[in-house]
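You will see two complexes here that share chain A, one where it goes with chain B and one where it goes with chain C.
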Partner chain A sequence: MDLKNLMNAHPNVLIFLLSSIGLIVFPHISHIPTSIFVFFYVLLFWRFIGLWEPGYLPGKWLLLLLGVCGIALLYSQHQGLFGRDAGTRLFLVALSLKLMEIKSERDLYLISFLAFIVAASQFLYEQNLLMAAYILIVCCALLATLVCINSRDPQPFVALKTASVIVVQALPIAVVLFILFPRVEAPRWMLLNDKQQSRSGLSDSMEPGSISDLGLSDELVFRVKFAGDMPPPAQRYWRGPVLAHTDGKRWTRSANRDFEKFMDQPKFKGLRYQYTLLMEPHDKNWVFALDLPTEYAQPLSRNAHYQLISTENPDKRAEYKVVSYPDYNTGFITRTEYENATQMPGAPSARIKMLVEQLQGFSIPPEQFIKHLLNHFRKEDFHYTLTPPQMEQNPIETFLFETRYGFCSHYASAFVYLMRVANIPARVVTGYQGGEFNTVGNFLEIRQADAHAWAEVWLENKGWVRVDPTAAIAPERIEKNFNLDELALGSVIRFAPVSDNALTASRWLKQAHQLWRNVDYNWQRWVINYNSLNQSKFLSSLGVDNIKLMMYWMIGCIGVITAILSWMLLRQKQKATDRILRIYNRFCQKLAKRGLTRDVAEGERDFAERVKAKLPERSSEIGQITDVFIKLRYGRVSTPEDLKQFVQWVKLFKV
Partner chain B sequence: MKWPALKERVMSHRFFIGEQATIAPYVLNHNRVFILPTQRGLGFVVLLSLLFLIAFVYNNNLAYLLTFLLASVFFITILHTVKSLFGLSLQKGQTKAVFAGEAAGFTLHINNPGDTPRHHVRITLEAGEYLMIPAHGKASVTLYSTTKKRGWHQAGKVTVASTYPLGLFRAWSPIRFDLKVLVYPKPALQESPFPQTAPVEPQQGFSKKGADDFYGLQTYQAGDSIKHIHWKAFAKGLGVFSKQYSGGSSADLWLDYDQTHGHSTEERLSQLCRWVLDAERVGVRYGFVLPGLRLPPDCGALHSSMCLEALALF
Partner chain C sequence: MQNAINQLVGSANQIILGKDHKIRLALCCLLARGHLLIEDIPGVGKTTLAHTLAKLLGLHYQRIQFTSDILPADILGASVFDAKNLEFNFHPGPVFNQVVLADEINRATPKAQSALLEAMEEHQVTVEGKTYPLPQPFFVIATQNPSHQIGTFPLPESQLDRFLMRIELGYPDAAAERTLLAGENRHRLIETLPVVMPPEALQKIQHAVTQVFVSDALLDYCQALIVFTRESSEYPCGLSPRGGLALLRAAKAWAFMAQRDAVIPEDLQAVLAAVAGHRLRSGNPNSDATIAPLLKVAIH
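And then the complex of A and B:
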């Protein structure tokens, strides 16, 4: 149909198209610069006004000017033409300019195709379930506009229904393609380097305040699903980078790490925990395994600090299978490790020495000294807080003797420092501790708020032993998570048990929350994280292990689905009247065997009379059948019994 | 036996020339509906490849899923587009003879026995018509074909097509209905007086004037001129009667081919056609003479159509 006629007769087709485009672009609000976002919506709004006041639409020259503006906007972002951000912006500007110039049906198609690309670009930023559902709905709306364009008498709601039906029917084939289409990783040269978004998370150095910054973040770091038993909360230490070098304030990884070949093999005993880690995208290639990992597969490797490192791109979600033993003995200490673990930023002050002296650090065995020190933290007026006062100079001393308010990093660094003063090899370990258990999905969720720092001490015959000084001052920190709202207020954390009433009130909410988290977990695991590796694993478990078989399966499945759909769509429903006619035809065929064929123009009654004359012995049956047929086909009232009778008589009729 | 050349065989396939329809309703079944992607459909394929490239480069599963979903939509649309024509039955309706140069109208009746309305059916002979046929509904459409020459006019193939729902595919069915119509010669534009008929000697006992004298009433018979119907009697509900005039052949008009003047046969036929129409309008009785044909004087629709038919096929 001519576009002008279509638009004049049904302006709501364009309203429909413009609204769905507005919806598709909207989630980009957080991904693209405000200037481009505003540019797009101003043009969209302009186009809307143009629906009622076509005179307000820009002419040729104004359009050219707008185009120049768009290009200038893109240029001012210094992003080039390729890559995720630049590409998205380019398509958005192109779409907004094209909106101002709708002349033919072809333009409408071009606009909807551009809108599909913009919809796909949303997935490059966000891949959660809600976004997927949202995009699915707006895609239905876009397809509905195409239905409207191709209808004689467009009705948006009927079109929306048609489009949704098509999408629902398309889903099975899409799922088959998703599962079976061979996935190949894009070659390296094709990867377009975008500036990495800075992500919060543990870093490879620790300053007194660094971990407390994470303390308020609810962001998910990884999830763990245990194959069997779960370790008790007090053993859930997820090992991250080990920091052995300090300048008195800042802790970093020691420069000299070339001692791996001299190290003893750790011995494991006790309970064995097998689990699957699903790491969220982050910017470091660390994998936080339960202290201490022993079995792991490619692409994982364990470094000299017993930390797992992945060679895969950490920017993608990845799944790893790991086995850990919380009970271990790392054996002897190498010379380099010893040097690293006893390194001091300078001579300790008199106050520190006095404290160690007072706790008998120089005279009793290390185990005893540790116990004394932890007791010291517990008995003296030490407090645990996320918002400790600023300690610019000598943070360890200030913390130990003056402020006495600190977070895990303060306790860990002070503890390790005092150990080293007493000449005991010690180092800071960072990582995560605890995690929230999701009862619906049976997995642990570890968030940034679970970031933690603890100490590790080398003891004769025991190897590296974990000591958590924070547990001494706030054992509840280890046992359960604390309330983030309370932390945000900057108050000193009290681990007072929550009252039962509040618990029951929030239980329902919590369950709903956990259910959602479980759905999200499975979504991440099975949809977002489905890659060539998962695919081959999953398919070979079904017995499909080569690409040829995969192709056969794909074609076979699509064939079956298409056959079912064509049957559903193209089947001609037999109406009741047709059935009656069919049965009557059977009766006629029986008569035709005796050479009594009904003429095309011959009425049923005339035919019956003619046949009766030829077959007088059957005249009553012929009369009955003809009467009931006329009643069924042309009569106003016919009962189901009549039909039954009719079927019966025709069946029994013999010539 | 010599096989026809491949090109001939291909071109004579019903894909190109359409299928010959009979009097029975022509039902669009899977053998008769063809489907191919449209230009927009090919554009959609380009879109799909672009989306696939994005998904591949960024290894983004949801982009893959969207690509596969749209590819699947594209595929499913084939069925939906076929469905928009599937099961329709077409039947040729009445046609009326026309004069050369006029557009001949062919009525087609389309029946939708299905449960779904057909939102967008385009039916084309020379120009296209858009139709919307409701579920279990019927639609009639008149398609026009311009005529040039007198004689039998054969209209070409009728194409029923649809791009519903997404415009990515076009399903069509070419049908060769026997769309034949008789085309009368084009009546001459120039009015010219009726030919003078040689006065016949009045017979004894008959008045010369009597030619138009009222003679009596007779029950209407098909072919009697409408102008002779006794409307007053009809209005009284007495039935349809034709007025009969006495006098008979005395003043009958003879429209003779030999009396026309024109340079060519066609011009003469046009002139004759004009006379027939004029005579019919005035309501006089006229005889009709063509070389090899002589129709006795009469008037009325039947007579005139016989004359015109003879002219068309001369």
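And then the complex of A and C:
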């Protein structure tokens, strides 16, 4: 059929096609420039108008102009065609221009295929479960338009049903291909041109105030799944960069940190925790392990600050197996380390000296001084808040003597500073603390909001010991997770328990939320993270360890699935001819063995008469069976007994 | 009721020899409240069949001989001025009978043929703006000569469609012919026939026929047949919905005559040639040849 005839007969097909294309392109809104997005939808809308007013569609010259506009638009954004963004946008512009010149049925197919490519390109940007479901649904709609075009059936719902059946039938094959098809690492050059997506996270420096932004972000940093016991909340310190150098305001990593310690042999004792870390994409190669990691495999290594570093590209989601002991002794301190850990930005002021004096910092052993200092924080009017007042000059002093409002980094930096004034080696450790436990999936989720800073003090015979001054002022910050919504209010955080009513109401919501996050976790872990390494690991655990065997398995599985599907299709056809007919056909087959085949157009009674003449000794049975069949199939009333008898007679019938 | 039917068929068989199936078809058409068209060369017993049926059913019977100069008024009747009462009186024509034998219908002009149209379809006659109902039951048996004969006007399709069945009688076989030749004058025999099925009984049977059950499975088959006529290249024109209804109606009557309360595929096949043959306009005058491809359509 010519396109014009098709369109005249079924104008719905184009409406259907254009709508599904509109839906497919829509999620691109977040990563294509507004100009191209608007360009696309203006042309789509134009095409829609053209359905009813074909005169409004652009002529040859206007179309040429539009083409030039599209190219110019692309050129203004990218100077080449390589890379994810440029490629995706090229397809979008091409699709929108092609929409304007639908002349033959072939164009409809071309547009559908272009739209499929655009739909797939969405996965270059987002791989989450919701997006996958959305793309699957809109692709189903697009498939339905193809069904419409091919079957000349303008009924959208019938076509949608057919399309979804096709999709469901394709799913098992997709699963087999997913599991068994040799995975190729995505060519890096494809994505290289694009700007790095900026991700917030811990930085390698700290200025009291910089972590307050983090405190409000719900973004996931990593997940931890423990094999066995979990440490209590008070021990969940996930170690990040250690900041030893300060200029009075800003804390940074010491310049010569790489030379600090060799032959380091911390001693571990007590409980052993084994866990799997699933790091989200990140822009630093830090891996946040539980204080203090001891067993880890390639590509991880531990630096002088006991922080785990990965040599892998942190841009991808990665999984690591780590063992940690919360109880440890790091032993001696090196000279460089000692110097770094007692570095001062200048001579302390008189007020500071007086405070240390008052807390007996110069006269008692370090352990005692730590206790006194923590008591000081606890007893004096110190407050925990995520929105402290600005402290431009001398932040430590201002915090200690004037404002007294601050969060972890204020406390950590002030604590370390005072320790150093008392000549005790101390440093700031940043990282994450706590994490929310997902009861459904049995894993901990650590978000940016869990960012934390604490102090580490070197003590004789104990090595580096963790001291968290924040725990002194706000033990709840450490003991339990706080509510993000409360944080957003910008007030002093209260850790008082929420009333019971609100608790039960929110528990439901929380559970649903956790369930969803568990699904997402599994999706990320098993589907998105299924790379060549995981594939070969998984397959070799099944005994498939070379590519040849893998291909055999793949071909075999697809063969089996195809066979099952076709068997189901055939069965379905058989089902349509009902049970009575099936039994009657069995009867006919028995007769056919004697050369008495029933013609498809031969009435059952006529057939019976013909057969009776050939088999007079069986005529009564043949007559019985035929009569009851006619009664069952064509009669006004038939009883279940008739059916039973019919089945019985046919079963007993022998030629 | 079944007794009456068998008796009727038996009696008719004594008059028209060797044509059991055709007699049954004619009766079936009557029971299905349809009109019958008998097409054959002159002298094979068309008129005799019509006459016999009318006699056995005890119905008023009138024959109209169609000629090329017959006028509608000759069929329907006309208003005649009554000089005594000074008014027009309607004199009903021969169509006001229970059984009307329209002999050699294709010898008349289309104008006269169409006069029968309304009567056949609506069971009423309109003359000069006044509508007169026809007696019940009303049954038209028309005979026609094969249209290749001289002096015939082929029946228009619309009128052909109004006949439920068209049958061909054909020559009798040798044994029947022998009996016929040796036997008595048929016309005299008809005169002596008893009324086997009075009109009340006929109407009762006609009603009972409509109650015959049609299963879904049979409707599937019926539809498959109809669809085949529309999609196959054998036929220039498929069965109309009226054709489909006619097929089912005739099959019900056939099933009733075979003492069944539900239609089976054989019933459809038995009436197929008579009901569908003249509607498919295949150009083949022989109905059996016309519907041969139809009889290859699968039942299930």
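Quick note on the criterion: the second predicted complex is superposed on the first by the 554 of 655 C-alpha atoms of A that agree within 3 Å, B and C clash if a C-alpha of one lies under 4 Å from a C-alpha of the other, contacts with A are read in each partner's own complex, and residues count from 1 in each chain.
Throughout what follows, contacts are C-beta pairs under 8 Å (C-beta built on N, C-alpha and C of every residue); 3 or more make two chains touch, one makes a residue touch a chain.
Everything quoted here is computed from the prediction, not taken from an experiment.
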Inset, instruction - Quick one: classify A:581 as touching chain B (first), chain C (second), both or neither. - result: second
Inset, instruction - Figure out whether A:650 sits in contact with chain B (first) or chain C (second), or with both, or with neither. - result: neither
Inset, instruction - Figure out whether A:633 sits in contact with chain B (first) or chain C (second), or with both, or with neither. - result: second
Inset, instruction - Once the structures are superposed on A, label A:471 by its partner contacts, choosing first (chain B), second (chain C), both or neither. - result: neither
Inset, instruction - Scan A:138 for contacts with chain B and chain C and give back first, second, both or neither. - result: neither
Inset, instruction - In the three-chain superposition, say which chain, chain B or chain C, touches more residues of chain A. - result: B
Inset, instruction - Considering only the touch criterion stated at the top, classify A:601 as touching first (chain B), second (chain C), both, or neither. - result: second
Inset, instruction - Examine A:539 and indicate which partner it touches, taking first as chain B and second as chain C; both and neither are also allowed. - result: neither
Legend entry - Partner chain(s) touched by A:322 [first = chain B, second = chain C, both, neither]: neither
Inset, instruction - Over in the complex, which chain A residues touch chain B? Could you list them? - result: 1, 84, 105-106, 109-110, 113, 116-117, 119-121, 123-124, 127, 131-132, 135-136, 139, 143, 146-147, 149-153, 162-163, 166-167, 169-174, 177-178, 181, 184-186, 190-192, 316, 527-531, 562, 565-566, 569-570, 572-573, 575
Legend entry - Of chain C, residues touching chain A in the complex: 213, 215, 217-218, 261-266, 269, 295-300
Legend entry - Complex contact set, residues of chain B against chain A: 30, 40, 43-44, 47, 50-51, 54-73, 75-77, 79-80, 82-83, 86-87, 113-115, 119-120, 130-132, 163-168
Inset, instruction - Would you mind writing out the residues of chain A in touch with chain C in their complex? - result: 577, 581, 600-606, 630, 633-636
